[in-house]
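Worksheet: the structure to be examined is printed underneath.
A, B and C label the chains in the order they appear, each numbered from 1.
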Amino acid sequence: MHKHIPTAAWAWLAAFVLLALLPVLPEPVGSAFHQELGAKVLIMAIFALSLQLLVGYTGLVSLGHAAFFGFAAYTVALLAPQSEAGNGWWLLAASVGAAALLAFVIGLLVMRTRGIYFIMVTLAFAQMVYFVFHDTDLGGGSDGTYVYIKPEFTLFGHRLLDLEQSAHFYWLALLLTAATVGLLALVLRARLGHALVGIRHNEQRMRAAGCNTTAYKLASFTLAGGLSGVAGFLFAVQHGYVNPEILAWHQSGNALLMVILGGIGSLPGAVLGAFSFVLLAEWFQGMTKHWQLLMGGFIIIAVAVLPQGIAGGFVWLRGRWQARRRPTLAAVVPTPQESTP
Amino acid sequence: MSATPFALRATGVTRRFGALAAVHDVSLDLQRGEIHAVIGTNGAGKSTLVNLLSGEIPLSAGSVQLDGADVTHWSQPRRARAGLGRSYQRNNIFLPLSVRENCRLAAQMQAQQAWKLWQPAARCRFSTARADQALERAGLAALAGRAAASLSHGQKRQLEVAMCLATTPTVLLLDEPLAGMGPEESARMLDLLRSLRAEHALLLVEHDMEAVFAVADKITVMVDGGVIASGSPEAVRADAQVQAAYLGGHA
Amino acid sequence: MDLTTFLIQCLNSVQYGLLLFLVASGLTLIFGIMGVINLAHGSFYMIGAYMAFTLSSLVGNFALALLLGIVLAVVLGYLLEWCFFSFLYEREHLSQVLMTYGLILVFEELRSILVGDDVHGVAVPAWLGGSIAIGNGMAYPVYRLFMSGVCLAVAAGMYAVIRHTRLGMVVRAGSTNREMVQSLGIDIALLYRVVFAAGMALAVLAGMIAAPVASVYPGMGGSVLIVCFVVVVIGGIGSVKGALVAALLIGFVDTFGKVLWQQAAGVLVYVLMAAILLWKPQGLFRQGT
């Protein structure tokens, strides 16, 4: 049976193939520094993508997403053996599983709250997780703990990747980003994803139609938490060091910013937002010690002026272009969002 | 389908907000093949009654039975899955989505299968079939691809009812479906309601007296949260209390 | 724990709780009436503490510094509402969260530029120094009693205004039904400005009187903000009574937690919040009480 593969899938594929070429490009473009920066961007992209599912598609604004990211990172650091390379498959599965479990537990507690309460309690619970790691000896307290040797991914005795090499780590990050996008696209295309979008647009209506919205929201929360664990795993492996600050609420705030910067309700938007944010932060930090002033000002202006984010800007431009080609009333009506990932 | 004659039965339904009883000791029956209208002045508690029957707000006292089962403590989603559908007084649709998707989403809730992630929702035969049927019934088939936000007010009211139909309910609670409609659209809506009567039990909350008397089989009159009369249209029209409180003395 | 220690911890709990109430009441009022979630509220507290530091070194007199600080806070609040917050009322929560988050960063860096990143202390003014003897040779600092006193006075004042004045009536009405108040012809823009300035002043005052007891340090805004959120969630958004009850509850849990179980102390408050959420997802009291 012939399956229709949408244009968006080809665009993603092309983008990933192009990005995969980075390490083989000649210096200075393909330098180790750029590979590491690229991996950093990809890690944040996964983090932002996971939050996009929750905020952009389910309509749940969480200010505590860093808790799951950080919990996964700590899981890697705590489970990784100190004297030999750990099993990459196991560590990845364990950290994602841990993040998902934490998300499920916290989700159970917060799912009955709405609107502004939800924002506040997610922040509060994330802060609780921060205190657990900061005040106790669980993860070395405020000093944090290390991943001494990078984990290995082996298949039938062969080591697939040497994560000490920046190129290999970059490709792993790229692969996991692609997997995340693929999984999210699948979910959004399926009944579950459509129901989540329905909940975002009108939860009351969904309930009136027979949807147990609490269960669906919990599923979204858990899935989003688990996916942020993928980012947490990569973060721990790249840095080799975790401390409570990765659980700080500023990290959650940054994640939200990436999502809104790129555009709510758009998967490419989340990636664009992460890309913009990381590069912007690097740029500002290079300019002045007081870079947070610039970042703060930028956030305020960006949110005030571009509520639909970068992706929204593209949609607006496309609308204007279509209107110029076919000047009708159709230009004013936004296109239905049920099938575009 | 079931042994009991009543598709929906409310007994002594009461809802208190602090000291105020918005709905007080209301009882009514709904049968398949019947349009039961509920009329009353503003603030009589009609919309609250619909919210109580659909499960959106909990009862302070009384009980609700759906097809013989006691659903008093059932959540709204559970009642909806059991065949109790409702439409809203103010348009409560998914504005950014297409008309078809509005209905398809509603229909999907009857066979959710949320864990089957590999199947695209758009190719779900169950929900798309029911959505198309509902749109056909409501006369919106031609507009299926349009964004719901681009519909006229009257068309949005039709979509409200279509979404309710998409869940293939036994009982329909319709809260002022004619609100804000012109004469032509109202006539079409009434035709739709008449056509639905055969297989469903309809509870119709309305302000439009002409429409109510044209289409209802039974009428219940509410004033200040309580029922002052209930019966055939002729009986209600002749009732002295109703005439005094509501119809203003003219028949 | 003997009776005297217990008494002292109770007094500490009450003092901490009342201080939290002062900050949280501003937050809950601003949300209840204007529907704005303001992450920068913790920064107001921080501004208060730093104001106490700079003003008292400038003016030399703590009481005068307090007065000056309150006036400055009201003016600042008025301007901030006019230039920034008034644009947030129409926006959805996500935008409000992010814009106020940006504001936090701006405030933090401005503070860093103007006053630096050092940790400071503020001296307890001489006329409030000393302690009162409380049996068994223990003594309780007069200043802490002063703090509780100020908070109680403010709470009483708020109660009087909210329950017994026209302004209070409008505030109560506005927190349950914004459109209605607008349609009554009341100048809603002015009302919002006044409420916001008052809310900011409350947080600034709290920061100022807390400065001699807690140290004045860069991250203080963030920590107080999150505890305030917990107060508002437990007490119920828009409920001043709820904020008081919740703040006192947290005061006791936190203080006794630190004494009885050091390691878990930071977490106990959140456990309390989780427990209350399971019981009442909307908080203890309804909006507008």
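Observations, loosely collected:
As a working rule, a residue touches a chain if its C-beta (ideal position, glycine included) is under 8 Å from a C-beta of that chain, and two chains touch if they have at least 3 such contacts.
All of these numbers come straight from a predicted model, not from anything done at the bench.
The greatest centre-to-centre gap from chain C, using C-alpha centroids, is found for B.
Put simply, the chain nearest the middle, going by average C-alpha positions, is A.
Chain C has its Cα centroid 48 Å from the Cα centroid of chain B. Per-chain CA centroids place chain A at a distance of 42 Å from chain B. Work out the mean CA point of chain A and of chain C, and you get 34 Å between them. Listed for chain B are no residues, as none touches two or more other chains.
Across the assembly, chain A contributes no residue in contact with two or more other chains. The set of chain C residues that touch two or more partner chains is empty.
Residues 55, 61, 63, 109-110, 112-117, 119-121, 123-125, 127-128, 131-132, 134-136, 249, 253, 256-257, 260, 264, 290, 292-293, 295-300, 303-304, 307 of chain A are the ones touching chain C in the complex.
Those residues of chain C that touch chain A in the shared complex are 31, 37, 87, 91, 93-95, 97-99, 101-110, 112-113, 222, 226, 229-230, 232-233, 237, 263, 265-267, 270-271, 273-274, 277-278, 281-283. Note for the complex: chain A touches chain B at residues 186-187, 189-195, 197-198, 201-202, 204-213, 216, 219, 333-339. Every residue of chain B that touches chain A in the complex is listed here, in rising order: 54, 56, 75-78, 80-81, 85-86, 88, 92-98, 101, 104-106, 108-110, 112-122, 124, 127, 146-147, 149-150, 163, 166-167.
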